[in-house]
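Chain nomenclature is as follows: A, B, C and D, assigned in order of appearance, with residue numbering initiated at 1 for each chain independently.
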Amino acid sequence: MKILFIQTGGTIDKDYPKTDQGFAFEITEPAVHRILSRIQPAFTFDVVSLFKKDSQEITNADRAQLKVYLSTRPEQKVVITHGTDTLIQTAKFLGTIPGKTIVFTGAFKPERFKDSDADVNLGLALGAINVLEEGTFIAMNGLVMIPENCEKDPVSGQFITLKDNLE
Amino acid sequence: MKILFIQTGGTIDKDYPKTDQGFAFEITEPAVHRILSRIQPAFTFDVVSLFKKDSQEITNADRAQLKVYLSTRPEQKVVITHGTDTLIQTAKFLGTIPGKTIVFTGAFKPERFKDSDADVNLGLALGAINVLEEGTFIAMNGLVMIPENCEKDPVSGQFITLKDNLE
Amino acid sequence: MKILFIQTGGTIDKDYPKTDQGFAFEITEPAVHRILSRIQPAFTFDVVSLFKKDSQEITNADRAQLKVYLSTRPEQKVVITHGTDTLIQTAKFLGTIPGKTIVFTGAFKPERFKDSDADVNLGLALGAINVLEEGTFIAMNGLVMIPENCEKDPVSGQFITLKDNLE
Amino acid sequence: MKILFIQTGGTIDKDYPKTDQGFAFEITEPAVHRILSRIQPAFTFDVVSLFKKDSQEITNADRAQLKVYLSTRPEQKVVITHGTDTLIQTAKFLGTIPGKTIVFTGAFKPERFKDSDADVNLGLALGAINVLEEGTFIAMNGLVMIPENCEKDPVSGQFITLKDNLE
């Protein structure tokens, strides 16, 4: 099995690199590298950084560029990490791409944090992509969902679905 | 979606609770509680501790007890955490149980460790169980496998498969 | 031994609490609580939150308020956590307060981070305050320094001193 | 400032390196390396591994060897990491060594653990060694103590002292 990981940015990849004159989190290297280093992956993979943007800064031009980029890649299985605020929007924009199984995930706490959800979420995406056939999916809060049935609860921030299965 | 988590023991749940007169890791509370506390689960679940044994201490009597226990539970989806040395053996022993989707996982480093693989592995099991229909599966090292096609590499310790899919 | 811990803000206390509509590190509860929970302290202590400000937002009015506040407290030993950019300035502003041993510390990475320096730095301040008599000191980068001999290297961000001792 | 760190073993350095056929915590590389990598030390140092033993396996022959080893080293400031069960005993055995400031520390949870006390304890030893003159000291549970006044509470495991100062 070969998986392509694409970084678009978002909380999952935020770090705190500065040590002088000011303070800021910054989106740096893909956290996917650090997460995979913990599991001895028994699959092959490639990690590509396409954007380093917060979710709210992702434009439809970016989404179109992502779609074009995907068409240039031979991999069938793709995990895309994305900021949570517009993750559903980007997943819907892509829609189903023939021959591709795409799973979106992200995190509410940066992977750098001790209590981050990043590792579980990436694992969730991996578990889904092992099994799923063609389609574009969202893996968050322990659920694997299709974008049309998924919404982000404005109070809790959770990704939820009203459907009990992927149909 | 409702998921039942069953603790059987293994490295994933090892802690280091003593502070005086000696030293020992011990298998304590299910790490599943701590892992799920990081992700705001959007599903319902129950966590049961059936054994607190190292993998090599699990007997066929234990496996039979596990199989009986599963038959008493109404949940269709079950994640079982297990020590890695005999995880495949226990999964094969159970076989397919009608009406149940069962996913085994575990960890090479205790969840208490900073560099543990526990979070990714549990996420992997969750991602698989969202999607899979009836059957018994193994989720380790980023792969979702059926027990008959899965083996543990004696050198790297990795769970690997020679098949590229779940058929 | 009784120690008073005073929060003024800074990187050490930054968290990432929002889950919807936007993103930001925010200064929240004092990290001192979490750090001390890891060590079973054999001393008594109190933790007070005076400010939740980034170092660069601390004004001389704040510093004067801190000085007045210290005079109202009976504790002889005080550890002050502070952002790193103006930590030296605040320590110099306070100067020596008769009857008080004051140690400033902070962190380059939030305590929430896996690779934070917060635990070591707070330990450093504690080790110094156990031993030191009256005076105001800075504990950072493994060194205990008097403010007049301490400077922050603009390139590395490190707190350094040209003196080899505390005289 | 130059500090020599000496590993003797103990919980602080325990890791979980095996991935196949069995399970065990083992004492591996000095955790001091990993802890110091988090703080950008502004002092020079050397790290030496003398033993990799649990506290209860340290013999008086080992203690004598440690004492001889110290006499061969030019450094004035020495931090010794040690298992907690016989740490006080070893510190008393060494006694005061002319021209040396020696601080013993250790941990109740391995440094590899998320909730380890190792970072605070090593910071505590560093803070003490910055300030202290000749003598042999113990830095644990937030206190800096002389061995004669220090005891380990058999219930809590804490290192405590009945004296409020280092006299």
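Following the convention adopted for this analysis, a residue touches a chain if its C-beta (ideal position, glycine included) is under 8 Å from a C-beta of that chain, and two chains touch if they have at least 3 such contacts.
All of these numbers come straight from a predicted model, not from anything done at the bench.
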Legend entry - Lowest number of touching-chain links that must be crossed from chain A to chain C: 1
Legend entry - Same-interface partner of A-C, chosen from the options A-B, B-D or C-D, over half of the pairs matching: B-D
Inset, instruction - Could you put a whole-Å number on the gap between the CA centroids of chain A and chain B? - result: 25
Legend entry - Distance between chain centroids, defined by C-alpha means - chain A, chain D (Å): 43
Inset, instruction - Express in whole angstrom the distance between the two chain centres, defined as the mean CA positions of chain B and chain D. - result: 37
Inset, instruction - Mark out which residues of chain D touch at least two other chains, giving numbers and ranges. - result: 40, 108-109, 114-115, 156-158
Legend entry - chain B partner contacts - residues on chain A that touch it in the complex: 1, 35-36, 38-43, 108-109, 115-117, 119-132, 139-144, 156-161, 164, 166
Legend entry - Residue ranges of chain A in contact with chain C within the complex: 11, 14, 16, 18-23, 25, 54-56, 83-85, 108-110, 112-115, 152, 154-158
